[in-house]
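Next up: the structures, one after another.
Look for chain A in each of the two complexes below; its partner is chain B in the first and chain C in the second.
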Partner chain A sequence: MAVTVKSMHRPDPGRTSYLRAALKGMFLTLRHMVRPHKITQQYPEEQTELSPRWRGTHRMEVHADGRPKCVACGLCPTVCPANCIRLIGGEDDQGNRYPIVYEIDEFRCIFCGMCQEVCPVEAIHVGRDFENAEYSRDRFVYDLDRLMNADYPVTLLWDPEDQKSE
Partner chain B sequence: MAENTTLTIDGDKIAVPAGTTILQAAQSIGKEISHYCYHPGLSSPAMCRLCLVEVEGAPKLLPSCTTQVAQDQVVFTKSEKAQKMRTGVLEFYLANHPLDCPICDQSGECDLQDYVFAEGREHGRGHEPKRVLGRDDFGGDVLFYGDRCVMCTRCVRFMDEMEQNSLLAVVERGDRSVIDTFFESGLEEANWAGNVIDICPVGALVSKDFLHKARAWDLEHTPSICPNCSQGCNIDLHTRDNLVHRIKPRHNSEVNGHWICDYGRGNYEWLNRGDRVEAPMVRTTEQIEITSWNNAIESLAKCLEAKKGDVRAVVSPFWPNEDLFAVVNLLDVLGGGDVVYRSAKTEEELILPGFNGLARRRDLAPNVRGADLIGCSRVGDDYGRGGLEDVINHTGVILVLGDPLEEIPEDLEFKAETIVYLGAYISSVMNAADFILPVTTSIQQEGTFTNHNGRVQRLWPAVDILGAARPAWSVLGELTAILEGGHPSLSKVDQAFQALANRVSEYAGIAYEDLGDRGAQINDTISVMKD
Partner chain C sequence: MDLAQPVSGIPFLITSTIKVAVMFGVVFLAVTYATLAERRVSAFIQDRLGPNRVGPFGLLQPIADGLKNLLKEESFPNSASRFYFVLGPMLAMTPALVTFAVIPFAAPLPTSWGVVDMIVADVPIGVLYILALSSLAVYGIVIGGWASNNKYAFLGGLRASAQMVSYEVALGLSLIVVLMLTGNVTLTEVVWKQQQLGLWYAFPLSLGFILFVISAFAETNRLPFDMPEAESELITGFHTEYSAIKFSMFFIAEYAHMITASALMATLFLGGWDLPGTWDNAFWYGGSLISGFDAQGSPIMATPALWKTLLTFASFVAKTGFFVLLYIWVRWTLPRFRYDQVMHLGWKILLPSALAYMMIVASTILILDQIGIIYGFTYGLVLTAVSILCTLAFVFYLDRGRIIEGAAVQKNGVIKKNPVAGN
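What follows is the complex of A and B.
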């Protein structure tokens, strides 16, 4: 690679007036005093619209009778790259396979959304939510009840009208 | 065996013995042909129609599981005709299949999943309602999901040909046919019915014990030997999170074929016992203190040095040959002494009539024969209790390996001056013991068991060692080396086995490395199977 040298020609400091530039700067300040242009978002009074494909904290879908839709097939803990899902399956009194323990460690989670993608019964979803501050670290392991009671909308990883992305 | 028939399979010319089927010939060169009804341990009815292959000159496709090879035959397993037929057959299999893989226990080890993934249609075309049968408790450990069944009848043939107690049958005809039992009791009276769960290629027959417990792909498989009787069936231990979740048979034509009994299959919970000794402990004046291995072994060596010729030992036939021999060897170095063991014995053998020489044996411990050959003598009754009067009244040193001596009351006074407990489990004998040395169990270490027939078979570690436990042969080997003065200690299990083979004539000539996963017959190195 050829090396080129570019020499800069700057005006001699002793012979240059900075008056014009200073006035230009002051005028800008003056303009912002008269007609302010706010960039800072006034969160939490002002909320940003989240994208429909925003992947945030999880949510478990439930049946009409309040049972979780999850059938404990074990695909989400298998596919999870962060290994943050703990699942112990079992059988309820009606003979349905269901999760006895279903926990997601939201600290470990990298919000890739693969659990939602792999779920054969569309039970686990990533949600359109990000406000998950807590007072203690252990509260970040979300258990089944908490996932089922989540009230935020779920992420649409794809357009339901166009499931094959055509 | 004379290899006297040559044929071509998918362009590969091979020679196989006459009488081999096309499917076996293909398997011998690593070509899998999809099949359901064929099972190497059972007869072939050629009814699943999935293994059909094209043979040059034959007007129709032929079932490869029953068609024997012929000279200069040309077989195409992947020709367009054969492929199209298999795709069609698989579509019929899915006509009534519920596709409930997410809740099916077979998922991940299911032949229907594999074959449809490999050769099935990409999308189903069926829109008719599917037949729904629900599930049925077959008794024993077997649960039947009728919807998932592919009617291969392996289970029916197992009960007919192997157990020879036809408790299962196909009822109804045509598309309504279904596997069923005759009476309410179902498979309750069978002793080998658990095998139908293994041979079921789909999730129709599943284990009640294993139901929803783990996914097939989560389990690690370790070859091992069934520790529940002296038959020495070859098994795979399926473990997850350091716990044994189930026992599955491993093929060994010399011992158990493809089968294991329900007793051995279901009796694995004790392998997961958590009440384990985890650190070496030595008694000082009144209390017992945790110490290092070096300290424990050195002080024990000093103690034994002073008591030469005054040592008795109780061992457990649940421990491998190497460990038992290490005890006998140590006592020899110390000037001799009796080594006794106790073992539970049941009333009768549970024979599998269809497989020669396979039964749940009377001795309910894996290494009774090994203990006998190595020079331990059996005491006690058929419940594995009693017989320890000599030991309790012995005044010198008592060395206990494995046997928790559980029926001995806690307040019983041993007459012995020193009691050494080499054990894996916490037991009441620890109250009296002066040295407590944690040792590994047979599923945590390498070693060998000798089955009732004198077949030496290897074990592999399936779960992690807890705490500071070490294999008994290693602990006792170090101890013996100190007592003998500078003799090099054993560092590997094959050395421990070699020491045994050098001393016990029955094991002479057997090399640990040559045992493989098939084992070897004692005093008969020629029959070592290499597969």
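What follows is the complex of A and C.
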């Protein structure tokens, strides 16, 4: 999406009388005062539609049987520029790797989305959610259960073929 | 009519006490809601909604604000003069609230003890009392600004005193035309004379009205004349160092001034509580309440009633509200004047105009009296015609001389300095 510059062609103001200019201004503000269209968004009741590529709070995808899709390969903690992912992997009897500890510190996270991009099994995702206020600081370290139980939609990865994500 | 007697004795004391209490409460309530109105109207002007969360339509917002300011920590700057620092906000607030005492706010109310005047104190020096007390308010600002021991606060206080003194002159002179036409300084009589004229003074004294409105804006330190505050230059001027309830008191003072000035403008120029028609006219004349004079010049008795009082009170509130709205509307439209422009406007434009206008009105009144036109509608029409001419001349002069533009005028692609502006 290219940045566009809008150049304003204002008419040459020339010279104008203060009195007339002031009256004109008064009428302008009056018009806006009585205009019913207000741009304020009544936030909690009225939600903004987030972009499909909005990168917010993480979520972990799960298999149908409830296990996390994560294979504890260790790519996400490696790629994470903010170093906010803590991962300790384990292996079960069949030799399947799984995360024993998977924690994301949402305070340190910079929501770059590189964990989602790097994940080979599409397990960790950034989500389309931003309402993650908490009453205490330690609640901001999300553990595996919390990441798996998240209910918000996941972010769509950027696709060079579809620049506007349509 | 037995009932058409003024209350006296113990009932007078009781009714007066009630009036004082109610008036104080109503003015305070009006002040708090003026702050809400300011925020909501400014929001509407900027296509926003403003505070609408606390209570229905944000109606409890002023209470939440007040509570917050009461509970906040009070701070005292180390180098401030403690005594004057506390005295400042008190001095600012008190005169703003007590000026309301002499403004009549409704037609007299009949009770079983007699007729109660809808004014807290009908003192014979009405207008003088208001002028005296409203100019006291500047002491609060100056003392507060000085006691803070802060450069910005000090400059704000200085500017406040200079501005108040300058505009007090124009304010007083534009008032004189009203007093000349009324022949008295009592505000009840100002209202009565407007009823007698059949025209509100805004018409026969239109230029006086305009000058008074401009000076009143300057007197209450509202934009475009808010030199003592001037956020972009002086942080917040005289109350830079104030916090919590002391800041709140300055704030209340500003809005109380605004409401008092609005009520005064409504009383002096828009007929106060008067409504069109003669049905609501009432005035104490020779000990009885009259509504006018018949053709022979003998008084017609007035019949006060509760519904008349309520209707006229509504009219007074509407007129005052209109001016409060005008204050807010102007504040969110016009940019602040430069300090020298404020002084220029006060001393070189408003003062001579008010003086000249006073002379013109005085001569017109003298001529009208000499050729024997009775004080009434024709009298008012002649004055209206004269005043419209004066207003046109004033507007023409203002419009001609004061041209605004950018720092430079572009002509044929070359940026030139404007030769007319001179600098």
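Here is the rule we use: the second predicted complex is superposed on the first by the 134 of 166 C-alpha atoms of A that agree within 3 Å, B and C clash if a C-alpha of one lies under 4 Å from a C-alpha of the other, contacts with A are read in each partner's own complex, and residues count from 1 in each chain.
FYI, a residue touches a chain if its C-beta (ideal position, glycine included) is under 8 Å from a C-beta of that chain, and two chains touch if they have at least 3 such contacts.
This is a predicted model, so every value here is computed, not measured.
K.L.:
Please indicate which partner A:Thr40 is in contact with in the superposed arrangement: first for chain B, second for chain C, both, or neither.
P.N.:
Only chain C is touched by A:Thr40; chain B is not.
K.L.:
Look at the residues of chain A and decide whether chain B or chain C touches more of them.
P.N.:
C
K.L.:
Between chain B (first) and chain C (second), which, if any, makes contact with A:Val121: first, second, both or neither?
P.N.:
After superposition on chain A, A:Val121 lies in contact with chain B alone.
K.L.:
Under the stated touch criterion, which partner chain does A:Glu91 make contact with: chain B (first), chain C (second), both, or neither?
P.N.:
It touches chain B, and chain C stays clear.
K.L.:
Once chain A of both complexes is superposed, is A:Leu75 in touch with chain B (first), chain C (second), both, or neither?
P.N.:
In the superposition, A:Leu75 touches chain B alone.
K.L.:
Help me check something: in the complex, which residues belonging to chain B touch chain A?
P.N.:
101-103, 107, 135, 211-213, 215, 217-218
K.L.:
Quick one: which bits of chain A touch chain C in the complex? Just the residue numbers, please.
P.N.:
12-22, 25-26, 28-30, 32-35, 37-40, 42
K.L.:
List the residues on chain C that touch chain A in their complex, please.
P.N.:
41, 43-49, 329-330, 332-334, 395, 398-399, 402-406, 409-410, 418
K.L.:
If you look only at chain A, which of its residues touch chain B in the complex?
P.N.:
Interface residues on the chain A side: 71-75, 78, 89-91, 95-97, 120-121.
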